[in-house]
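Below are two complexes that have chain A in common, paired first with chain B and then with chain C.
Moving on to the complex of A and B:
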């Protein structure tokens, strides 16, 4: 399979499924197709896409970041605790501090994981608990406030018609896609996830790359926290919780293998739309949240069954006759 | 030191120590923590309190059985929390506080646990979905089903028999639940050490390809492991119902992550194929002791989270060693 074919096999199903769900939504509720509703969708989908990008980078190296939810929460709490009178310096503080803290949190994860050689899952689980505690310490309950200028900017439009969230969404996917595919850093990420030993032997500074990947994940977590704090005009220590597992689900739906080394971020917008639209339709149909859990589980399973690309961790792959033959040939 | 010069018993002892270093170290940590707990609070090491701690540990320990089996195969189970809650809620509904309902209630709840666990395994093997997201999806499904059938407000009561199992003691001060946990632990350790199924679990986790080529029936082994995890989770949920008498929709929430933490702290490798249940027992006790100490110290929520995170971090630094590149 060429790279191009593989990409098509990864991305076409994701976008096909999200399109089907989107059309179904328009069918169920005609007002769904209005510009206003779509702007709402961008606003809701953007944080999910961003955390999905962060998670994809980490998962591509063969790691996982369970602390991203706590990082998002910490960033909103800090953003909402900053002075909120609209002066240029305050806006600058708001723009700088939450992302920097996110970056610091992420780098720390990366350092602990690489210096210690600990499993990322348990390290980020632990650091996530720590930062959640710190957020709860700063702000025990949702509250605080964010300067109104900032809030209106983030939820507003550029040049009068381009919604800011949409710009953020498209720009970030483009930039992070190019970093992944066109830079040495991006190549190293794939190499490390594919086979860290080989990557190391070929001279890739594995530890340094991994530290920066976790740093990037934290930075994006900080940016998402900043964005959410502006949208809610407040901070909430627990606002990031759903993003922990949703970011992983979106990453996997978008075709990235949890074993690392395979996948990309082009499919993430589709994945995020599948997630969000599903809730949206079920809400429009006034279906109880009880059934929404069931629907979410079933759709996730169906979407994954369709998009699953084939990773080492999937024993069933070995069952198929063709594959078994391949193996026998490989092993002589 | 040159190992050739060592006498046979010393060498054997050394081998035993290095093979079981993690478990031994953990039990030392348990001793140290108990000592610390006793310093913080006077009654910490009283028979009653130790019994209470072990009882709490039993719930997590039973859940960790399933998690250990699955992590040994290289998978992970994020559906244990929802399945615990399902077991907890449904068993109360089935029993409705009457002993006559016991036999079919136990059978039905066990079947449900096995079925949802097996669903996880089937998705992982036949739909080729990675365990983390498959179990996440099934978890969502199970949460929905629990909510639908309980209408969001669980009713019913544990039967008197289950209640007795939940709160009763044997020989005066050994909680029945702890005895059940001990029995299950012995069964699992034997299962892993002596049966073909146990050995196959390790093979599947260590090298799927090699296992498949040497004739291990991977789907059977994997599905069985996930089904057993589902059964362990409903068992824990049922015992919790016995302990608290009524059902509670949030009861399983923390157990997903705690069970993974217990297994990993116990030295079972997340990549599969290495470890065992003895470590998970120690990991479970360490985690429960830690929580108990934090409770005794009246730590507020924020401080608790910070302390929990830091302690897990310190714990893994104690015995994880960075694998050498060469």
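Moving on to the complex of A and C:
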């Protein structure tokens, strides 16, 4: 199997499933297929796509970032605590500080993981707890305020018709896809996830790349926090919590192997749509919350079964395939 | 051979991977009390055929008969139930478990309450090990054993399952000649007890020495099966490669060493506490030989920043340089082809392109972005130059044969264009034709003034390929042989010698 075939097998199903769910939603609720609703969707999906990209980068190296939720929360809290009077210098501060803090948080993760040689799962679980505590200390409950100019910009349109979230969404997928596929940094990420020892002996600066991958994850977390605080016009220390697991789920649905080295971000938008639309439909159908959780879990497993790659490395699957073929021969 | 029902018979077996026929209608049989040698280049289909017999691969067509009875082998467990055991080339032991835990894996002796009876397990392991003359303690961690001892554990594990037919896939690759002799004693013992043995090996002399019958495979087909007496080494090789075997080794350059050495090393081997020093000239092929495990690997790995030596000083053209990590070593133009390509050489899950370009990605950039065409051209040129057999450069590396994987590792470093290249067992587990190509490449590198340092446990390789040979014993350099002095006799003598040429006042 070549890379291209594998990619097709990964990405076509993700978008097929999200399209099916989308059409189902339109069927259930005709107003769903309106421009306004779609703009709403872009706005809701964008943060999930962004944290999915961050998580994909980390998971491709064979790591994981459980602190991304806390980073998002911290960034919203800080964004909402900055002065909210619109002066150019305030806006500049507002644009620079949350992402920088996200970057710093991420770099710290990377340094602890590489210098200490600790497992990323535990390190990011721990730093996540710390930053969640710090956020709650700064802002015990949702509140604060955000510069109104920025808030209207983020939720507004470009040239009068292009919703800003859609632009952010498409641009970030494009840029981060290019970085992954067309730069030495991206190549190193795949190499490290493919086999870190081989990567090291091929002269790839594994530790440095990993530090920057976690740094990037933190930076994206900071940007998402900024985006969310602008949308909510406030900060919320716990707003990022759902993103911890959702970012991992979106990454895997989009075809990235949790073992690292395989996958990409082309499928991320589809994965995020599957996630969000599922919520949406279940709400539209007025299904009670209990059933919603069950239904969500089941649909996710089905999506995963259809999209997840890596079957060729699972001996059990190959054996079963062989057996199925044999049975077919026997019957036919 | 009389008309007896074969222990194992494979009829017209076919198996493909991704549309490539790995085995194409092959018949094979092994009788009771027979040692059946199976030879062929890497990728000829030997391992695939035997994996069919072991239940790992389900063939697309063909029949498997065990003791004359047709059966379906759908998994390793099915094969084990039918009395077929396999000693694998890449050992199937779990390194973080003890020897005993490995040996009883999957067929644990049960004690009271269904718990594992570890006392019985150790007992069983010990008797399995002593039956093959190994004195390994069942409590030892497998990770702490040298390769040869692990091989014995693997054999003990398979034999403890009391198989009727045992397939040995390249069992002698990590063994010294003494250990091979022990293995052959085990073979003879099994044979006298009426077991069947399939012996896959690239070492033709060994196959000829021990087999009753030999089957030669090539390109997924069976070329010939005949009694051992009908073959000699030349005939085996010519039926394996399908051409007359004229010359294995290309002619040596025979150039005199010029001026000061390109590369020189001085350091103390940590494991032995002994000082070692040597140098290599431009375009010289330096071989490092001796019995296995005498410090050769540590010495050469330390050149590439992988540890093994203390207080080391490395000079290139007389100037002291730092080689503390692979990146630093590469900055000095040093490359290293590792011994274990699966763990250190190849990205199995990545594509051929990503493998071949791994060391040199940053060289083909424009404004921070990789130039895809430059990359494709460099990779395709290397695929052509090394005649790597692949369907596409986007193919994942995991499905390539051993020889082609080795070419990926070497190709990666050829694109890097080193001035010093260290090759550790470059022909380990590689077929004859690829071996010849590797020898030619080594010569080509030397002609381009690259300093080549290689370690090999194959004495003929030392003699046939190297301009100069250093022999190590217990962390000492015991001889430096040059030109006509590189003979089997001299190498053997030096391998067991206890005189250190450095302290004896000889030139290093």
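Note that in this section the second predicted complex is superposed on the first by the 310 of 332 C-alpha atoms of A that agree within 3 Å, B and C clash if a C-alpha of one lies under 4 Å from a C-alpha of the other, contacts with A are read in each partner's own complex, and residues count from 1 in each chain.
Heads up, the rule we're going with is that a contact is a pair of C-beta atoms (placed from the backbone, for glycine too) under 8 Å apart; a residue touches a chain by one contact, two chains touch by 3 or more.
Note that the structure is predicted; figures quoted are calculated from it, not measured.
> Which partner chains sit in contact with A:187 here, chain B, chain C, both or neither? Use first/second/both/neither.
It touches chain C, and chain B stays clear.
> More residues of chain A are touched by which chain, chain B or chain C?
Between chain B and chain C, the winner on chain A residue contacts is B.
> Report for A:132: first if it touches chain B alone, second if chain C alone, otherwise both or neither.
first
> Contacts for A:258 in the overlay, against chain B (first) and chain C (second): which applies, first, second, both or neither?
In the superposed model, A:258 contacts chain B only, not chain C.
> A:296 in the overlay: touching chain B, chain C, both, or neither? Say first, second, both or neither.
The answer is first: A:296 touches chain B but not chain C.
> With the two structures laid over each other on chain A, which partner does A:197 touch: chain B (first), chain C (second), both, or neither?
Once the two structures are laid over each other on A, A:197 reaches both partners.
> Would you sort A:116 into first (chain B), second (chain C), both or neither based on which partner it touches?
Touch status of A:116: first partner only.
> Where does A:140 make contact in the superposed view: on chain B (first), on chain C (second), on both, or on neither?
First partner only.
> So in the superposed three-chain picture, is A:33 touching just chain B, just chain C, both, or none of them (first/second/both/neither)?
In the superposed model, A:33 contacts neither chain B nor chain C.
> Mind sorting out which residues of chain A both chain B and chain C touch, each in its own complex?
Overlap of chain B and chain C footprints on chain A: residues 197, 200, 312-313, 315, 319.
> In the complex, go through chain A and note every residue touching chain C.
So the residues of chain A touching chain C come out as 1-4, 6, 178, 182-184, 187-188, 190-191, 194-195, 197-205, 261-262, 312-313, 315, 319, 322-323, 325-326.
> Under the touch definition given earlier, write down the residues of chain A that touch chain B in their complex.
Per the stated touch rule, the residues are 112, 115-119, 121-123, 125-134, 136-137, 140, 197, 200, 245, 248-249, 252, 257-259, 288-298, 300-301, 304-305, 308, 310-319, 324, 327-328, 331.
> Provide the residue numbers of chain C that touch chain A in the complex, in ascending order.
Chain C reaches chain A through residues 18, 56-58, 60, 72, 74-75, 304, 306, 326-327, 330, 336, 338, 343-351, 354, 357-359, 361-362, 365, 368-370, 372, 391-392, 394-396, 398, 412.
> Applying the document's contact rule, which stretches of chain B touch chain A when the two form their complex?
Against chain A, the touching part of chain B is residues 74-75, 78, 123-134, 136-145, 147-148, 152, 204, 208-209, 212-213, 218-219, 222, 257, 260-261, 264-265, 269-270, 301-310, 312-313, 316-317, 320-323, 325.
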